[in-house]
Structure formats: structure tokens, C-alpha cells
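Two complexes, one shared chain (chain A), two partners (chain B, chain C).
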Partner chain A sequence: MRRELGIFCAVVVMCGFLFWSNHDFGKAANLLNVSRQAAMLGIFAIGSSFVIITGGIDLSVGAIIGLTGVLIAKISSPSVHCLNHPLWVGISIALGVALLIGLIQGLLISRLKLQPFIVTLAGMLLVRGTAQIITHGGTLGLGTSPLINLSTEGLFHYGYHAVLAYPMLMFIGVIILASYLLHGTVFGRYVFAIGGNRDAAQYSGIPVDRVETLTYVISAGLAGVAGICYASYIGQMTYYVGNGYELNAIAAAVIGGVSLRGGEGSVLGAIIGSIMMEVIQNGIILFKWVYHSAGHREVFRLSSNWTYFITGAVILLAVLIDQLANILNKRKRLKRQAQIAAAKQ
Partner chain B sequence: MAEDYILRMRGVTKRFPGVTALENVDLELRSGEVLALMGENGAGKSTLMKILGGAQPPDEGELLIDGKAVEFRSVSDSRRNGIVLVHQELMMASNLDVAGNIFLGSEKSHWGLLNRRAMRSASVALLCRVGLSCSPAMLVSALTPGQMQMVEIAKALSHKARILILDEPTSSLTLTESEQLFKIIGDLKRDGIAIIYISHRMKEVKRLADRVIVLRDGKRVGELEHDQITQNKIVSMMVGRELTNWYPPLRPKANYPPILQVNNLIVPGAPCAVSFEAGKGEIVGFAGLVGSGRTELMQAIFGTTPSLGGTLTVDGQAFAPRRPRDAISRGIYLAPEDRKHHGLVLPMSIAQNISMPDIHNYKPRIWLQRGHELVVAKKQLESLRIKAPGVKHRVGSLSGGNQQKVVLGKWLAMRPKILILDEPTRGVDVGAKAEIYREMMELAQQGITILMVSSEMEEVLGMSDRIVVMRERRMEGVLPRDQATQERIAALMTGAGKIDKSIGV
Partner chain C sequence: MRRFPKLTLMVAALGLTFGLSGCGKGGSSSSQSTTPTSTPAATAAPAKPVHVYPKGTHIKLAFVSNNVANYWNFAHAGVRAFEKKTGIQVTFREPAKGTVAEQNQIIEDLVTEGYNGIAISVIAPNDQIRTLDSAARSLNLICVDSDAPKSNRLMYIGTMNYNAGLLMGKEIVKLLPRGGQVAIFVGNLAARNAYRRLDGIEHVIKGHNITIVAKKEDNQDYARARSNAENVISAFPHLSLMCGLYSYNGALAASAVKAAGDKGKIKVIAFDQDPDTLQDITTGLINATVVQNPFMEGYLSCKYLRNICADGMKAVPTPANVDTGVQIVDAKNLAAYQKKLAKMMASK
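Right after this comes the complex of A and B.
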């Protein structure tokens, strides 16, 4: 819990600082936008966390987000080159395909003992390639499809904006389900046990293969759900939507205290990590520094070219602070013991 | 009568590529009986138990439980029949709490939701039965190895085990913890639970076992009833010949010129500083219980865990080792306790392992001289009599004894001044043991100082010129060979003896 609390405080401080630097940060439109972004990232970051806690990794998440959107557009959009079936057909097929991809990857990893990194790397390329073939490398518009409204419509309106947009509602649903699944059920316990000591899990009669396979199905399934949201949010699909998102998911999870060594992490951590990632992105756009030079009022803004740099720095800083705290604690304890030992001499 | 037996294994055979691990082995077990299973490493004990535990299927043969033939396809199949295997390497998920580990794989739940409270309260009763007073909500990573062992047994009890297999259960326990375990074994016996007890420790076997079955090279070579059990009988069955003299003849008492001085070394976690010295060509044995701080002291001398104060003096030069390089450059080498993790790179060849610490001397300019590497390795292979097809052979597929010899060879190629051997014969079979002892004696004769950590009393008494006894991370006493007896060492180890610091420190 210590890690989650620390990151939560950091997020609060960051938000405070951003609000101070640019009051636009606090405007309803911006806050709703940031929370929608965080919700969409959070949905698949939670999925990734399941895999990471078992000690695995899923690199195909971003590609699945892309393919889901492309499939929905291809099947359900009324635009040219698209098939104009009802929306529910598109969504069901797309989600089904996502789950199937997760199942195949999970089976390859758990039954054939292939390495997760390689399987999901190949999976990422295959899935992205499939999307590229379907779109012929171009763009599929969603046109007048009712899907367009999904990312903006929702419950409790405030002015023109829905306070709880559908992606947000989906996120809340995912949080509740995932929290129960990971922290309250036997399945969740197995996920932690496999990440903590695979042999112990095996020898305790845990169906390690099945649990591991399911984590990849969950990861791919939640990526599919996120894919629906992104398709609606962007309004048109190209094959490279979601490119690199798997790394955002891993980053969010790690910032929130999910350990890549396995056996450690929480749904709450993945949520806070996702919020952190999106606040950084938003902060880079909004941050401004007003100063006076030679009697003129000047405004300093960060160029969006700084996005990667700052995100990288924050990830490094988060794990660095955590590790430094561990090392310092250990050193303090040892020093105390040494003093006692020397005194006895 | 066949109906007497709770378990029978008949004609069990298991082949692995290249070896027959088990050949036509029979085993029978009555309820409420302690059956000791003995044999050298590689004799097939663990394979037999894996088959019984459902982790591996046999190639031939059948299993009968209560006279009915059964077939185990998985660990849970075997568990459903009341068979629980407690592994030698503790199988714990250290990120979970005690209750979580006890019920790992058989969680109490309602519609898939964990019932933590029920598991914790059920754990309390089980922990009580194994004499452990820790909270079920405690993280397993905070327990001692002895406590973890008890948690493992509690876990086995939670499965309502009828047949409990204990694989070297005392290897990581202190004396008191072992006593506690023996008491629990007695209780379980009375409850009618059959126990298969695997151990190398004769004393325990003699005390606990109703019957002994000995395996050699995958075959059952003999069976002894309780009153027939003697050490000599078992050992000769195990090795297939009478083994009279394990240890090389005692050397006459000599004055060794001092070479190593340890001055007020503060080992992390130790309650006080440690000082001792060792002479050129002397073998100093370090006796003590598991966890008495011997390994930690050696790691501080070697620099893997830097000391928090104090110095070493080698040949009159004082220094404080901060990293292994510091010790290695002064001719102090360590053959670690856990050789598979700290001593060797298992997927690499014998030659590559031997050249590793000295790799810079194998490249005059840029390129590694593979030929030179092979020549050096071959020399060690021959002088240490390592049984391997060649120096390019992977270390991982060698037996324990030969692996240990590769670790020795790696350091001997670098001409040691001081050689630290941490449990040099752990996991090494009887034949290779005698060879390692002979080698150690030869090295000492050549003037190499040996610091030997050992948990085997006989080894310490049979090899050392001087014996340092440690208890709770401090030096409890130093005994010259002629004043050391098993009783005296045991008294110091357990804290029953008076502090004996006057001699030889």
C-alpha cells in the first residue's frame, strides 16, 4: 500500500502544481478529457497487470486495440469499403477476436512453454499486420455510426458534457470486477502465487497453465474493450491506432507498484499509475510559466516534443525513489546493528 | 497380506534419455509407519517420490492404494488420495501470508470468492498442531527456514494427508526445531498417518524409522527392520561396498606460520565483532547450527557482503574487502554453499566455468585464447579426477560431486593462498566425498589454508586442525583438534557449554 499511497500523493501534488501554473487545467472540459483518457488507459493497464503479476508480459495489447477498432469500423461502419452491419455485430466479433488472440497467445505460452516476450512480440506484429491488411494501409471512417457518441455520451450532464462518459463507466465496471477477481477470488490468489513462486504453485496442485492462459485472455479482452473506446474517441480507424500503447500500460502498472519480477501489484496501483501517465501528457500541453522580461510579459510553454523525455524521466524517478527508500532503510538497519556490535567489543 | 498395506508400488520403472532412473522398484507402506528411504544422490529416491506425488508418471509398474490400482496424472490426483510431498527446497510463495500458503491450491472459498477469515482461523489450529505460534497473517518471507518447514507440514495436514513424504526435512532446521519435528512425527504416527522419511542422517533414521528401504542406481537393494538398523549396514548397501575409512589419516600437530588474521570484523547482522587467525597449510573447521552465521562470516571475508568494520590481514597486508575482487586479488577464494546458484554457471562448459574468475589472463590482447582455456581445464579435470566426457561438457549435467570439483578446479587453477569451502560435501555422494577430503588434505600439505564450514560433525572432526564453533552469529569457542570431541562441540553449538575463548584465539 505504501507505494500506491506515495504515487497518489505525487499525482495530487502534480495536479496542484498544474492548476497553479495554468487554471485551464481545472476547467470541466479538461478534467473530463483527462479522466476519459486515464479511464481508457486504465482499462487495458489493469489487464496488463494480471499478466505482469504472474511474471509474464504482454506486448500485443496496443495492436489488439488497433485491430478491434479496425474490425468494428470494417463491419459496422456505413462508410465506403465497410460492410454496414449493425453495431452489435461488429463489437461482438471484434471482442471475440480479441479474446481468441489472448487465448492463442496464452496457450502457446503456458502449454508449449514459449517465452511470453517472444510470443506477444510476434502476436503484436501479426495483429498489427492483420489490421493493416484489412485497411489496405488506409483509413476507415466511422461515418454516422452510433459508436461515435460512445466516448462523449454518458450519465449526469454538466453543460454540454457528460460527467460520467461511457468509457468512464466501463472503467468503473472493470475496476470493480478486476479488484474482486485479483484480490478477492481464488483465481486472483493463484495469479499472485504463480508470480511469487511458480514451483510452489505447481506443487500445490494449482492449475498453473490454465490460470496463466486466462491472464492473457483477460489482458487481450480488456485491450479489446479499450479498443472500442478509442475507435469511438478518434472517430476513424487506421491500422496504427494504439501503436506503442502496450508500453504505456506497462509503465502505468510499474509506476503503480506492479513488479515485473511478478507476485506484486494491485488494481489500485494500476489505476493511479494510469492517472499519473495521463496527467503528465496533459501537463506537457498545459504547463506555462509567465515571466516578465524587459517590461514585456512573456509565457514559456513546453513543446510537445518533450512528451517522451518527461514520461521516461517520471517512470525512472518513480522506481528510483522506491528503490532508494528500500536501500536507505536497509542501510539504516545495518548501521544500527554495527553500532551495537562495535559497542560490545 | 496385501490388505495390510495402505500403499504398494510394484515394478516401478522410469527411464530418462540416457539413464534408467528406476528399475523394477517395489515399495510398500503400512499406516502409522515411518519408512526411511535411503540412498546416495542419484539413486532414484526423488524420482520415486515424484512418481508417488503425481509429478511424473512411471514408464512401467503400478500403484495400489488400499489394494486398488490408481493412476496419478497430476499433483492433485495424488493429493486426492491423501499423499502429500513436503519438498526439501521449501515450496513457499514468499509474497503471500502464512494462511495463504497453507491453503495454497485448496483455498476456502464461496462461489470463487476467497474466505480469508475462515482460512486464518483454520490455520491457527493447524499451526498449533505443528507447534508454531506465529500469526497466520504473517508474511512467509519473514519466517526462518525452520518455521517455513513447519508451515509446509501444516499445509500437508490441511490436506488430511494419509501418506506424508518428508524429503530431508531437517536439512535446514536447528536442533530444537528438529526435536520439535520428531515430536510431531510421533504424533502423526499415532494418528495413523504413514510417513516416508528421506534423509542422509543416520541418527535420525535410527531413531525414527520402523523400516528402511535402500536404493542404489535405481534399484531396491535392501530392506532393514528397526532393530537391524546400523550405520555400517546401511552405508554398505548404499555404496555397494564396505566403506571403512572416509577420512584421510590425521596429520601430526604442527605449528603453522600465520598467514590470515581477521581483526574485529563486523559482519552485517552479527551482534558483535569477530577475530581469529589461521596458519599457512592449516585446515580450520567452522562448526555451528544452520543460521549460526558461518556462511555470513565467510561472505564478509570474501567481500560478497561487505563488512561494516574491521580488517583482514593476509601476509602482513591489511585490507577491508568491499567486493569479491578485493579478496580474489589477494588469493582468497570461496567455494560457496549454494554452488548451483553462486558457484557455477550451469549452462556453460567446464572449461568456461574454470576460466571465468581469471578470464583476463586468457586474453593477451583482445581475443580469448580458447585453446589455453581448454588446456588449463583439462589439467584440472585430470588432477581432480572429474568424471565428465570432456572439458567442453555442460556443468549442469554433472553430478553434485563433480560439480563441486569443478568449483574447486576453478580456484585451484588460480593458485589459492586461502580457500574457503562452505559445505564442501553437501549434496555430494559418498564416493566423491572421500575424494574431496583427500584433495583437501593434499592442498593443505601444499601450504594452502582452508577455512571449512560444515554442518556435519564428523566432517569437522575428521578434517580440521582447529575448530571454531559459532552460535547465534558469534564465535562461541575455538578448540584445537586434540581437545575437540563431539560432545564439546555440540555443547558449544547449542549454548550449553561455557564460553571457551581462552584457547587459541
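Right after this comes the complex of A and C.
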């Protein structure tokens, strides 16, 4: 919890700084946009966190996001080259395919003892290739499909904007379910146990294979849910939608304190990590610095060229601060334990 | 115990995988040995090799795009129209990931398979000169859509992006008669087609009280393109117009405008003829789009390649550029343009 608190403070400081720099950052429209973007990232970052906590990795989530959208467009869009079936058919099939991909990958990893990296890398290419075949390398538009409104409509309105847009509601649902699953059930304890010490988990009778398989199903399923949101958000699907998103998910999870060594992490951490990732992107555009030069009022803004640099720097800084805090805490604890031991003697 | 190795190793391996990908082989046209006559091109210094083949030679031609996109479907239709008209088969190749390594591999494969002419949309004009020049020693090479003027290509066919930018700039001035703030959205501003379009726009809007307040890149990530548009709307409350330089940017900017409830307040101008862009013109979210002519790029590149193989540089105009032209499509001429598009695609 202390790790999440540290990152949360960093996010608050960043938001405060951006608001100071540009008051438009605090406008409802902007905050609702950022929260929706963070919600979409957060949905699949939480899924990836399950896998990472077991000590695994899922590189196929970005491709699954793309394939889900492509399938929905192909099956349910009224546009040309699409089948125009009801939306629920498209969404059900797309989600079913996503879950099936997760199940196959999970079984290959847990039963055949294949490396998660290789299996999900191959999965990523296969899934991306499937999407490319379906789209013939082009674009499938959602046209007038009602799905197009999912990303902008929702509950409670502030001006023109939905305060709780549907992606946000889906995110809240995912948070509740995932938190219960990871932190409130035996399954969740097994996930941590496998990531902490796989052999010990095996010897203590934990159904390691089944639990591990399920984490990949969860990851792929949530990537599918995110795929629905992204399809609605961009309205036109190509096979490379979601390209590289697996790294965004990993980054969000790691920023939030999910350990790549396995055994550590939380749903809350993945949420905060996702918010931080999107605040950075938003901040690069909104940041401005007003100054006066030769009597003229000038405004400095960051160019897009700084995006990767700043994102990388902030991620590194966040994990460095977090790690330093951990080291200091550990030292303090050891010192206290030594003092107690000395006092006992 | 299976453990997840360090992320750096994984990312490196991921990069390696992408780097090694794209080993596709060339087309399967039947091979026939020919003895070409190589002569230097009259118009170029230093001399560019031109390969002229004896009459009756079975000519093998190829068209290489720079990625897989809707745009190339129209070019493909143009290539098919040429095939139908002449009976000459043309191999159409698209680098699936759009990487330089992949495109270079395709070029090398086509050279190995004895092709006589290639029309190519170059991904990185300055970085592929060696590969292009090496190919030009064995076959006739022309550039289409994206030029590599420093290479030994014999000619360029496609949109003059600067002119396209000028046209877009004029449309912006028309849409903003009193001036205003404009934001530019683009996949990658370092790409020649993107910055030449922008140069053209900047040239025209000068002196019209129009300011470009943001230039946002998305590296062809559609979700990022949409969020860039949303963020720019938040950052610039007095924004008057959004301008998309890549085919998908216009429709995604329009979605952001619609979501913000700014339809009519913020105007949108797009590039190319994506179905969503044309749809948004009908609903009034997009005011206009600048369309290129990929069909003619496909058709003319094959035609000129065939003529060069037969007659050498006599077939090439001076200067060695063919502008396939651009036009504005808006609500007034949309229906006529869509009819024209449907007719073109019927050739595929």
C-alpha cells in the first residue's frame, strides 16, 4: 500500500504542476477525457497485472485489442465489406475469441511448460496476422453502428460530456471484480504465491497450472473488453490498432508497483500507473510556460518530439523514487530489528 | 522454476523479431532470360542506368507499396486496370509492417527473380539509396507516391505533396476568412510527404491571420491520434480548425470534435478518401478533404515502366516527374466523387 501511495502522490504532484502551468488542465472536459483514456488503458493493464504477478508476461494483449475491434467491425458494422449482424453477436464472438486465445496461450504455457514470452510473442504475431487477413490490410469502419457512441455516452452529464462514460463504467466494474478476485479470494492468494515462489506453491498443493492458465484467460478477456472500448473510441479498425499497447500495460503495471519478478502488485497500483501514463500524454500537450521576452508575452509549449523522452523519464523517475523509498524503509526496519535484538540481549 | 527474465532482454528480443521479419519472397511471374541494353539516362548527371529490352521480351514488372493501407487498394485497382488493358502481369507487393528492412528485402528478392522494372513508394528516401541504386543497376526503377530524388530512380509519379499542401492551405483560408487558430495532426512529421504538405499549408496561410498553434504526431496509433485531438481541444479553447495530414487523422479529429460538442465551432479538413472521412463530410463534421489519385499512380507507374523497358528514357517526360494531381472534395462534389471511386474500384 505504501508503494501505491508514493506513486499516487507523484500523480497528484504532476496534476498540480500541470494545473499551475495551464488552468485548462483542470477543466471538466479535459479531466473527463483523461479519465476515459486512463480507463481504457487501465482495463487491460489490470489484466496484464494478473499475469505479471504470477511471474509471467503477456505480449499479445495489444494484438487482441486490435483483433477484437476488427472482429466487431467485420461482423456488426453496416459499412461495406462488413456483415451487418446485430452488435451483440459481434461483441460476443469477439470476446469469445479473446478468451479462447487466452485459454490456448495459458494451456501452452502451463501444461506444455513453454516460455510465456515465446508463446505470447507467437500469439501476438498470429493474432495480428489474423486481423490483417480479415481487414485485407485495410480499414474497417464502424460506420453508423451504435457502438460508436459507447466511448462518449454514459451516465450523468456535465455540459456535453458524460461524467461516467461507458468505458469508465466498464473500468469500475473491472476494478471491483479484479480487486475481489486478486485480494479477496483464495485464487488471488494463489496468484501471489505462484509469483513469489512457484516451486513452493507447487509443493504446497496449489493448482499452479490451472491458476496460471486462468491468469492468461483474464488478461486476454480484459484485452477484449478494452478492444471494445477502443473500437468505439476510434471508429475505424485496422490490423495494427493496439500495436505496442502491451508495453503500455506493462509500464502502467510496473509504475503502479507490480513487480516483474512476480509475487508483488495490486489492482490499485495498475490503476494509478494507468492514470500516470495518460496524465503524461495529456500534460505534454497542455503544459505551457508563459514568459516575457523584449516586452512581448510569449508562450512556450512542448513539441511532440518530447513525448517518448518525457514518458521514459517519468517512468524511470517514478520507479527510482519508489525503489529508493523501499530501500530506505528496509534499512529502517533492519535497524529497528537490530535495536530490538540488542535490547533483548 | 520459470521466471520472467528482465524486461530489457524481452524488449530486445521483440525488436530482433521485428527486425528479422519480412522475409517474404517475390512474385511468381515466369522467368525469361533477356539481354538488356543498358544506357545512361540523358537527363541525369551522373548517368543513371536505363535498361532497354528487345522487342518481344516477356517483361516482368512489380509495384511495391510502403505499407498495407486502404490507399494502396486504389493503386492496386490502377495496376489491375493496366494488366487488363495490356495483358502484362504486374506483381503487387506490400510490406506488411511498413519497415525499411522489409521493403529492402522485397526489392532484393525482385532483383534476384529477374524483374525488369519496379515502381516503388520509398519508406525512407535518404536511408534506402544504396539498396535502390543497387536495384537500379539491374532493372528500371521508378518512384511512386514517395520519392527518393537522390537515388538512381528514373522518374517520380505521384502527388506533389507541396502542391497538395498549397491546395489544403487555400481551403483553410477559405474556411477561416477572418483567421484563427489551427492544429495539425499527423502520423510522423519527419516523413517527406507530411512535411512537404505542411510547407505548402504554411506558405499559403501566411498573412491571413491564421496561426498554427499545435503540430501533433501519433506514429500511426489511431487511439493516440484521437486523444491528441481531444487534448488539443482542451489546450486551445479558441481553436478554429483541425487539419489532418494523414488519411485517418481527419476522421479521428472529427470524432473528437463531435464528442466535445464543438461541431460547427471547430472546422475539420482532412487528407485522402478514407470511407470514414467521406462519411463525415456527409454529416458535416468534416468540411473538406484533399484527395490524391492512387489509382492513376498505380496505372501510370506500370505504363511508364513498360515504356521505359521498350524505349528507354525517350518515354520519360522532362523533368522526370508526373503529377497525378489532387482535388478538394466537400459536400458539394462528394456524390460525384464517390461514383468515380466506385468505378475505379470496379477494376480491381
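Here, the second predicted complex is superposed on the first by the 325 of 345 C-alpha atoms of A that agree within 3 Å, B and C clash if a C-alpha of one lies under 4 Å from a C-alpha of the other, contacts with A are read in each partner's own complex, and residues count from 1 in each chain.
Here is the rule we use: contacts are C-beta pairs under 8 Å (C-beta built on N, C-alpha and C of every residue); 3 or more make two chains touch, one makes a residue touch a chain.
Predicted model, so just to flag it, every value in this text is computed and none were measured.
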item	value
First, second, both or neither for A:59, with chain B first and chain C second	second
Touched partner set for A:323, first chain B, second chain C, both or neither	neither
When both partners are placed on the shared chain, which of chain B and chain C touches more of chain A	C
Contacts of A:84 with chain B and chain C, given as first, second, both or neither	neither
Which superposed partner A:22 touches (first chain B, second chain C, both, neither)	second
Which superposed partner A:199 touches (first chain B, second chain C, both, neither)	both
Partner chain in contact with A:338 - chain B first, chain C second, else both or neither	first
Set intersection of chain A contacts, chain C complex versus chain B complex	197, 199
Touching residues (chain side chain C, partner chain A) in the complex	1-7, 10-11, 13-14, 17, 68-70, 72-73, 94, 96, 189, 214-217, 220-228, 230-235, 237, 248, 251-252, 255, 258-261, 274-276, 279
Touch list for chain B against partner chain A, complex	53, 55, 74-76, 79, 85, 87, 89, 91-96, 100-101, 104-107, 109, 112-114, 155, 264, 266, 268-273, 308-309
Chain C-facing residues of chain A, complex	22, 24-25, 27, 29-30, 33, 37, 40, 52, 55-57, 59, 79-80, 113, 115-117, 121, 125, 132, 136-139, 141, 143, 151-152, 159-161, 197-199, 230, 233-236, 238-241, 243-244, 247, 250, 254, 260-262, 278, 281-282, 285-286, 288, 301, 303-305, 307
Of all residues in chain A, those that touch chain B in their complex	180, 184-189, 192-193, 195-197, 199-206, 263-264, 334-335, 337-338, 340-342, 344-345
